[in-house]
Amino acid sequence: MPLSPIETAAGARHALLTMWTTRRFEEAVDDLFARGLMHGTMHLSIGQEASATGACMALRDDDAITSTHRGHGHCIGKGADLTRMMAELLAKETGYCRGRGGSMHIADVATGNLGANGIVGGGIPIAAGAALAYQLRGEDHVVACFFGDGATNEGAFHEAVNLAAIWKLPVVFICENNKYGMSFSTEKSMAVDTIAERASAYGIPGVGVDGNDVAAVYDVVHAAVERARAGDGPTLVESVTYRHKGHSKSDKNLYRTREEISEWRDKDPILQFEGVVRERGLLSDEEIQAARTEAMESIRNAVRTANAAPDADPSDLLDAVFAQA
Amino acid sequence: MTRLAIRMPKMSMTMTEGEVSSWMVKVGDEINDGDIVCEVMTDKVDMDVESPVSGTLVEIVVESGLVAVGEPIGWVEGEDDGGSFGDLLMAPETPEQVEAPVPEPDPVADTGPATPEPEHPRPSGIVPAVPRARGLARELGVDLATVTPSGPEGLVRVADVEALAPTTQPATQPASQPATPSAPPAPPQAADSTRPAAKQSDRRAAIRAVVARTMTPSAAIPQFTVWRELHLDDANATRNGLSWTTVLLRTYAASLREVPELLSRWEDDRASEAGPPSIALAVATDRGLMVPTFSEPDLGDAADVDAEIREVVAAVQKGRMDRSYLGIANGSLSNLGGLGVDRFQALLTPPQGSVLSLGSIKRRPVAVPGGVGTALTVEAGLTVDHRVADGIHAAQLLDRMASRLAQGSPQGSTQGSTQGSTRA
Amino acid sequence: MTETAREITYSEAIREAIGQAMEADESVFMLGEDIGVYGGAFGVSGDLYHRFGADRIRDTPISELGIVGAAVGAALAGMRPIVEIQFSDFTNQAMDQIVNQAAKIHFMLGGAATVPMVLRAPLGSGTGAAAQHSQSLEAWFAHVPGLKVVMPATAEDAKGLLLSAIDDPNPVIVLEHKLLYRTSGPVPEDAVRVPLGKTAVRRTGSDLTIVATGVMVGRSLEAAGVLADQGVDVSVLDPRTLSPLDDAPILEDVARTGRALLVQEAPGHVGFTAEIAARITESPTLYRLLAPIRRLSGLNAPIPYAPQLETASVPQVPDIVDAALTLIKES
């Protein structure tokens, strides 16, 4: 059930634990990749934890999400199994996708995670379609569709948001604006000042929020989710945040300054939140430390357990192309 | 406080190593997680390396130079906050492994070919033939229905069509019977998959199958044999303990150089370029006939070659043959003299140009001026592929061999050809 | 065959399939442009809108990428959507959702999800619609692992294959040749399925095997009649499902006749019949060929507008007859 990060100790604890778990997961992936122990490339969301956590806390367990190539935080927020996530990245048979999908295609359809997507904007029409299915069946689930600033310039965004708007589909479009596509800044890639104002082109509400304030994100997304659940249609939420690391592992960060990166790092959303909950007396220092420790331990366990599993097996690759009736 | 590594990071999907080019910090400096410590050149870009740990830099492992991804380039003394996740992968694995279920291997089918054939309606009137064979048949005016197929399931091959093609030269047909229309050779799968009990007869069957497969095409080759009684007294006087196999093998090889037509092989419908002599020596073993191939045996010191031949033959009889004797031969030597055979006609092993058969070496009556004497002789038979050479070449070869043996020095170096007769 | 069959058009047969599928299963619905009140650009959806309402026969804006993506999402969430793309040429607007998403989700997710959707589109030339509305792109789809591709040539198959496609848990592309919509044939009244992945032998002959797809099946049968009058007896085989391809009947028939003539409307270069030719040469049927395999295809050029240019661009009945006779003569 939806749980606010700042109304109760339980909510605060959940928010803090989820954000630290996401952070440690990303750091683990970073470290493993840097050591040559993980294959492919990774798109890390370090610095964006509050946006993913706050939004996911506003969802019911039977709501759905679609996610992006930078989607580990969304998956963790939606309750993904850390070991199965890590096993997927380590190309193990026990990974979510049995090693066939990798970082960009983690999904847990059974629990409403309709999948991360390797195509920018690829998940937006899919989210609209899932919402259409719920509407046709008269079910009151909502789909939270995550995407980045770059995706709003893709045709798929335009088409899907329009469809959702005309059909009043139960979907919340959450744009995590971290100010850069890969290297192209939002200042250069759009002629409007904010992404939220694009909503008016579709006749739906657009709301901006500080993506690094987990409680604020929760409030905004929660309102949008309830609106959708009531049958009033979609909302475009612009969650402004920042990624500490480059776009992917080959990013040399030539397009932004060290000062900019360091400025945002000082505004670390997790540390900020710790300050808030301490100040409000929601959690003690010990409880905060306990959350940090638990997060670290769970990631270390996930790495250990995932690594012990057998490698993905190529022997039935062809069998896996088509589903059997 | 523990020693924490700063490692060469993998900075692109394809990167395997990076070159440290310069350090921004020195030993003794305090560094924080995220500080840039050095610059690295990779296959794609020049990148700054950030320290993943905080503490005091206590060691620079590589000031500049190539380092493999994952290897330490520096060491920091600081608090271990558990962030070195890569170490977890290096730790010995926990005893309880999660085993993915291993699918049961399919029981090996006992009979029949590996892939099930669709049921072909048999009497369609079309004879299965390799496309080139069909084309050739058309060219030569041969009716495929009259061709004896040598391939599996009645498949007509090029050689089968050639066997029926009318020839212009009267070639001496081999006295031996042509191979009977094939029982298809035993499919390898069947031989492997049968019960272990019947190993002996299986092996024999496999051996015969191999011979059948190799020699059946020989029946389609126009070949003839030329005979000569070679006198060996002179060679016997000078061979100094060398085996007759060595002497005759070297003489054959050296003589072939002087009749290069016989060094050709018939391949791809033409005689190939003559290569250096490479002779397959037939050795009988209980695994069947083995043919180690000796490259240019006429070169090099005779004693060395003799030792080599003995060694190889011994090994082959024990069932071992070094890879270097598996080369492609352009001639063969076969000796049945040890078993009392006087002479025999060897069959060509395609695509070789010739094969030399040797009977027993013994003292026989010969004509001498004024009467009859004796000489140490051997009946040599040279079977030749008529497509690469003619009778004259065969005669020349044996003549050269006779000359060399008479000279008593069957070495590789030729003293210039003393052959007087012209080539026809 | 089946119980009661009566003559209806290819187009009516498709409508009948959709209606029967929707009646039987609440999760089946269709989306597409102008399929509602308008009845579909080629009249296929007809009165379905009046029978099932605007939710389940859902008109959309001109947003191929959006609506194909919506179909993917709906399928992931448990529905069985049919998406009608008005001209198969417009599948290009939606390629990301077809190729990168629908085809790959089942595989990428390690089998944990399925995308049971059908994409139907009219393909082919002959209506003067010119280059951007007349293409035959079946080879593109057949080349993508994870997609099934069917090209029904008869009214009965149009209904039967569509019903099977709707049942299939995988994304199926159904390509309907425009010129076939008005053709008629016997179609069972019941919801009789025609299985995917089964080649149909339309005619059995002894001298030559024709393999044809789409509108070329009918043209080949016509050519067969002309050839019969000239004493040449040909087989005509219709793969129906291009992927996965049932090649066994083709290999068998060609092994029997020794001659293969492969006919398609699409341009020959890297076309679907190249796959059939490769399968023949990779098999023992090769040893029974009496002549090289012959492909008869559309020109390697966009479809032109003028009617005489348009017909000259793709194989017609006389072309098939000529090709067959030449093949016989050469061998």
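So that you can tell them apart, the chains are marked A, B and C in the order they are listed, and the count of residues begins at 1 in each.
Definition applied: a residue touches a chain if its C-beta (ideal position, glycine included) is under 8 Å from a C-beta of that chain, and two chains touch if they have at least 3 such contacts.
None of these values were measured; they are calculated from a predicted model.
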Most extensive contact between chains (C-beta pair count): A-C
Most central chain, Cα average position: C
Computed distance of Cα centres, chain C from chain A, in Å: 41
Separation of chain A from chain B, taking each centre as the mean of its C-alpha atoms, in whole Å: 60
Geometric centre distance via CA averages, chain C-chain B, whole Å: 51
Contact set on chain B toward chain A in their complex: 7, 9-13, 16, 34, 44-47, 52, 68-70, 81-86, 88-89, 91, 93-94, 96-100, 103
Touching residues on chain B, where the partner in the complex is chain C: 117-121, 124, 126, 128-131, 134, 153, 155
Complex contact set, residues of chain A against chain B: 27-28, 30-37, 40-41, 93-94, 249-250, 252, 265, 296, 299-300, 303-304, 307-310, 313, 315
Residues of chain C touching chain B in the complex: 248, 251-252, 255-256, 258, 284, 286-290
Interfacial residue positions of chain C with respect to chain A in the complex: 26-27, 29, 55-56, 60-61, 63, 65-79, 81, 96-97, 100-101, 105-114, 116, 145-146, 148, 167-170, 244
